[in-house]
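The structure is given below, and queries will be raised subsequently.
Each chain gets a letter, A, B, C, D, E and F, in the order it is written, and its residues are counted from 1.
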Amino acid sequence: MNFIGAEHAFADANVVLFGAPYDSTTSFRPGTRFGPSAIRTESFGIETYSPYQNRDLETDSRVHDSGDIELPFGAPDRALDMIEARANEILAAGKVPFLLGGEHLVTLGAVRAAAKRFPDIRIIHFDAHADLREDYLGVKLSHACVMRRCHDILGDGRIWQFGIRSGTRDEFAFMKAGHVVSEPFSAKTLSSLSFPNGTPVYLTVDLDVLDPSEFPGTGTQEAGGLRFAELHSALCEILTRFNVVALDNVELSPALDSSGRSTALACKLLREELLALAS
Amino acid sequence: MNFIGAEHAFADANVVLFGAPYDSTTSFRPGTRFGPSAIRTESFGIETYSPYQNRDLETDSRVHDSGDIELPFGAPDRALDMIEARANEILAAGKVPFLLGGEHLVTLGAVRAAAKRFPDIRIIHFDAHADLREDYLGVKLSHACVMRRCHDILGDGRIWQFGIRSGTRDEFAFMKAGHVVSEPFSAKTLSSLSFPNGTPVYLTVDLDVLDPSEFPGTGTQEAGGLRFAELHSALCEILTRFNVVALDNVELSPALDSSGRSTALACKLLREELLALAS
Amino acid sequence: MNFIGAEHAFADANVVLFGAPYDSTTSFRPGTRFGPSAIRTESFGIETYSPYQNRDLETDSRVHDSGDIELPFGAPDRALDMIEARANEILAAGKVPFLLGGEHLVTLGAVRAAAKRFPDIRIIHFDAHADLREDYLGVKLSHACVMRRCHDILGDGRIWQFGIRSGTRDEFAFMKAGHVVSEPFSAKTLSSLSFPNGTPVYLTVDLDVLDPSEFPGTGTQEAGGLRFAELHSALCEILTRFNVVALDNVELSPALDSSGRSTALACKLLREELLALAS
Amino acid sequence: MNFIGAEHAFADANVVLFGAPYDSTTSFRPGTRFGPSAIRTESFGIETYSPYQNRDLETDSRVHDSGDIELPFGAPDRALDMIEARANEILAAGKVPFLLGGEHLVTLGAVRAAAKRFPDIRIIHFDAHADLREDYLGVKLSHACVMRRCHDILGDGRIWQFGIRSGTRDEFAFMKAGHVVSEPFSAKTLSSLSFPNGTPVYLTVDLDVLDPSEFPGTGTQEAGGLRFAELHSALCEILTRFNVVALDNVELSPALDSSGRSTALACKLLREELLALAS
Amino acid sequence: MNFIGAEHAFADANVVLFGAPYDSTTSFRPGTRFGPSAIRTESFGIETYSPYQNRDLETDSRVHDSGDIELPFGAPDRALDMIEARANEILAAGKVPFLLGGEHLVTLGAVRAAAKRFPDIRIIHFDAHADLREDYLGVKLSHACVMRRCHDILGDGRIWQFGIRSGTRDEFAFMKAGHVVSEPFSAKTLSSLSFPNGTPVYLTVDLDVLDPSEFPGTGTQEAGGLRFAELHSALCEILTRFNVVALDNVELSPALDSSGRSTALACKLLREELLALAS
Amino acid sequence: MNFIGAEHAFADANVVLFGAPYDSTTSFRPGTRFGPSAIRTESFGIETYSPYQNRDLETDSRVHDSGDIELPFGAPDRALDMIEARANEILAAGKVPFLLGGEHLVTLGAVRAAAKRFPDIRIIHFDAHADLREDYLGVKLSHACVMRRCHDILGDGRIWQFGIRSGTRDEFAFMKAGHVVSEPFSAKTLSSLSFPNGTPVYLTVDLDVLDPSEFPGTGTQEAGGLRFAELHSALCEILTRFNVVALDNVELSPALDSSGRSTALACKLLREELLALAS
């Protein structure tokens, strides 16, 4: 079973979906492991055509869905290695890897692969939470530390954060010290963001950046988030204006939303991202 | 059990509620059959007075609630005939039929009755979905085709659509070709809409036009919808500015919203529509 | 995606699963359309090995899962034709069709196919409800009439019912008149049931025959049902003692059981039936 | 809306249903106020015919459903007075009042009325909890004290309890001292219970006497309860062998059981009691 | 277990939290009794640091959490006395009592205590409902009458209401007659509100003033409410601009929101209020 | 917050409760991390008195509740070390450690501590699943391998399993080869089990040994389990007849049971075990 419209063979595709159904380090309510399969199953409830972009997955995109990696719960080191390996294979074939989480920690595997291939890569990060802790209860490979681990790899001034509205005083001090560039609460400065021509970009979207009223299906909900329309236009802008070489959507936890609208939104957003990538 | 405040006898009423608890052609998640009874039961949780309009159902309206039609599941032809017959009885008595769905297909029964009596009728249609398919898996009497079937009856330029944000490429092409008039995503052009004096209007409101955050209790949720305040003011405008001779609210599926707020919203909106009709 | 362990090609299999995700005539709470896909997805939560029978789907069975038929909602005639056609193909290839519902009406399609090929076929029927109405609200192709329609085909004395504990006075009178053979409330007489050697048998299991405490995930729950252990041993006996040429499991409605145990039970029972068939 | 089959006028009936949607003293999870309306609405999912008793509500009973009393939340004294008044009216007309709770406190209103009219009345009580506290947090009119309040009226040796499996040490000491007659955990001694001919009996059934697997829809669930079949046969025996002059079923809390089977069971049990009363 | 960061001893604190888990007069769906404990338990899912105010509960506030009062269900008079007594103790110690409901009736206990100590007190009231009925089904101590009871104490022109969007015609007439000052639907006039220097203010926040999309976890949901950002900034303004001497947050009913986001929002808002109070 | 009646200081207690809220290796549906806190919170819904044993936690037991260990998600090695350390402290003080899971892997920490102190210890194990895999997806520290890891420590013939009804062919072969002693499906041979006088016993109860109808709140449900009454009497027998030096109850996943009865049952069973231990 693949995501709707993602029916190209690997060889023919320019974008490759892969799922990392992993949530072992989730500190509050687990369940994101069921995100990728929910997205595939429920994708048959949406259309392949986007009236926003006037494009259709069936005719205007070349996407392969390579399914989920079977990851060992309780062994984050090995899980990250497996994710990095898969992302690397896709990058090596000259294609864009699109990772579906799982908890946010999985991003680290894909970023490692992308940073090896594109040493000057930048990260654009949407999230309700800063994820900049040095460690969480002594554990360094935790969802709550994932952007700090990315910073370990990339160094200062390479990560742009939007929509952050929760964190410790230390995490916000880390932002304010300029280690990362952050626009808390919103994403209004995106239009003025520019990179040197062709700069490779990794885009990571923790879906809890959305307001919990529109996206309750996530483990740690923070009131006061972005609306779908805001996130939709921000992502379309990024995917058309920048050279996104790898990306992910993470933290959908389907069972926490009995109405199903969070999964439906995640499917719709994924369609829009795939079509914007194809433009 | 009747809708709160709808306690007039048929003979004394100028508006007549009737329910069509039918969802046999629903292609995704069924359950709208429970819409009409949920609206009646939960209506006792709202007030009869509207502070928006400073009117009260008990003193300012004359509404009869004629209950639900017992429809045969799995036999859409007969179900539509029964709905048409009931709508016809109400129209024949010089009253306004107000149909509560049920899936959107039920609209077709009421439109047939209204179009026979008012051949120059226009339809104003609020929905997330175009519902303009020629057929769905070979079936022509499907919720996904209902506005196309209405177009079969009325012809070009007689249907106005607001808020549509999902459909196939073909359906959007049908709009763009001018067969129907459509404002996708929103309802901002409503204020400039005008008809010749006294033109009869059928108003059909698929409640999934609302944003799923405000109205999760529906089978096929589409992010990016109208807010309650927008829909409320649009409907009040239509009901006071135009000659609405028949109308419906459809696609509430109560069990999909465990919080109950979708049914509560549907009750409140119905009160507001009844009071606007009474003005 | 197939049922766990059902990985043989059609040509190599002796049993063929197929799903009929249909519930358009359901008169109370719909949702059985999601039964077949839930069974496939959740089957990966059970083992392929049965400690009850000391057999393993991977080594001791030859099952092909041919997926679901895409059925048109709201058109029961055509749906039954499509089910009959699929069952016929499987029977024509000398294999046993195993139908997964969907509502109980789908049984009629498979029974038609089986009765044409095996004119002397008997039906063994487990259910909480008699399903012997002549019609339901004037509709003859309804889940509530399915065994009556089977009786129309087979005539008197060819249907054995177990576990029935709900019906109208007329339905129970129909049983008592001997048109069908019925043991209400339980299945204790099964051990004394015998047929002439090689008599072909159709086995239909409406899972609501189980007690709602063990199987809440069905639309019309009747207290006082069979326990899993009783149904399990009854089905194993039937499948090893009789010549079952076609069979079905119907009426799982996954969303009505938020705990998921109904789907888990349905998966386990299906494994046990497949292994008993293979003995 | 009435309970299915309870369509006789008051004057023609010999049994009169009335609801007391009250739960203000519930100490754990409230919600039984929704019990009576759920029973009425969902009763249309069961048949009027009982295959257990071969009787049908439509032809073999004469029941009037007088609807719910609108009780003031937060004022138990007044609520009990209103319940007593209604029960008294029914008794005065020579009919059997059948009260639907609500929390167990409501029983006290009906017992007061019955004890005035039948001073030698006995109570047969099914429950998981003893309900024999002298007070609860200083409050005497509490669901946790209802049988103690009944004992205040009737005195020693007039109350028979079955199925009790929870209480304080003091409550069990009260039983052991013989103030009430109690068979904890089960109802096996019922068959040996006898009263002088014609002794009036009040039957009160707290539905949480059932095992929570079969009846999860109640506020305080106690594992190890009666099975439906046990309670069913016990109640049928009581209603046919004794002179039951008033009775109640209490403590259904529909929203706590998302599967709906608790309400379905309550409907079925009520049908069976009405038919046994009619024998 | 205390609210996160509220770890000061009573003697050291300037603000004292206390819970009133009471909902006996709730007329629709009860459950607010579980509000205070849910807020404490779930508070460990939020941070103590506020990026909105750049303050941290751990370093910038002095809050004591005195736990819940054990209130007798079904005895509102006694419950209010107990609440008043606790509020009085806190006020007598020169601290600010912060009451967590429970239903809105509990406010009356705290207002009584505050009005005795500060006879010239004003009330600022956020709510979807006017709560200005003279009585409800004959009961004067009801959640639906709580602001009318406050008016009985304070008299005309002392209560300011924001966000009201539901009530009877009589309640809105009471507002229009000037007995209370009301801005229906919104809170835009707050910035122009001013009191004589040092005027003591009681702030009562019925959380159902929020839009049900953001806060579904409450018993009587009214579409068209305030957004979190609006309420957040309004409360921060009040708490920094006025002399708030006592306050409450009421009507969270956690079980009505299976996603948990309502409780999460209530925790976040409480943190923000405590930090604004500390400024 | 402690378990009801567990109010002794550590020094005065003979039994010490401690929670291990950990589920990082859960392979299907996580959520057991919330088990210990749910048991504590909901324990206030049961009585301290047992009518089964005529004992009361308040007067007849000496239990200390030492709360939960804060375990690092995603680091099973460290988590097990922390659990072992806590169990060791309790054993070193001459008390019985009673561990509340969490997933079944946590048992390994407590068994390690107990086996060091009591080298001749036996394990009695109740479970639906054998948990005897050598590894799971290459991981050895997994819930699915926990009894195999215990066997690694203790060797052949030291583990008795009851109620197992699911496993791979290899796991059942491991049993049949005599490495562990197993009674699949039931616990009828328990009465004939005897050990040399004073033999130390570790008792581990995976609550999914219960039938899912009585205990749906667990991640991997297997139909055909033990009834509460069976498990209750088995555990009381073990705790009174054998020298149980350490024990655990694991695998309650509260959120999977929206009715709450699984947590209620777990509380009641824990009370019964504590009282049987105290005899």
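The criterion applied here is as follows: contacts are C-beta pairs under 8 Å (C-beta built on N, C-alpha and C of every residue); 3 or more make two chains touch, one makes a residue touch a chain.
As the structure is a prediction and not an experimental result, all values here were calculated from the model.
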Can you give the shortest number of steps from chain C to chain F, where adjacent chains in the path must touch?
1
Among D-F, D-E or B-D, the pair whose interface repeats that of C-F, with over half of its contact pairs matching by residue number, is D-F
Specify, for the interface formed by the sequence copies chain B and chain E, whether it is same or different in terms of residue numbers shared by both sides, with half as the dividing line.
different
Where chain A and chain F are represented by their mean Cα positions, the distance between them in whole Å
39
Rounded to the nearest whole Å, what is the centre-to-centre distance of chain A and chain D, using the mean of the C-alpha atoms as each centre?
56
Send over the residues of chain B in touch with two or more other chains.
29, 211, 213-214, 258
Mind listing each pair of touching chains for me?
A-B, A-C, A-E, A-F, B-C, B-D, B-E, C-D, C-F, D-E, D-F, E-F
Residue numbers of chain F touching chain C in their complex, please.
28-29, 164-169, 172, 184-185, 211-214, 216-217, 220-224, 256-258
The chain B residues in contact with chain E across the complex are 45-47, 49, 51-52, 54, 56, 211, 213-214, 228-229, 232, 258-261, 264-265, 268-269
Interface residues, chain A side, partner chain F - complex
23-27, 29-31, 33, 70-76, 78, 105, 136-139, 141-142, 255
Parts of chain B lying in touch with chain D, wherever the complex brings them together
1, 37, 41, 258
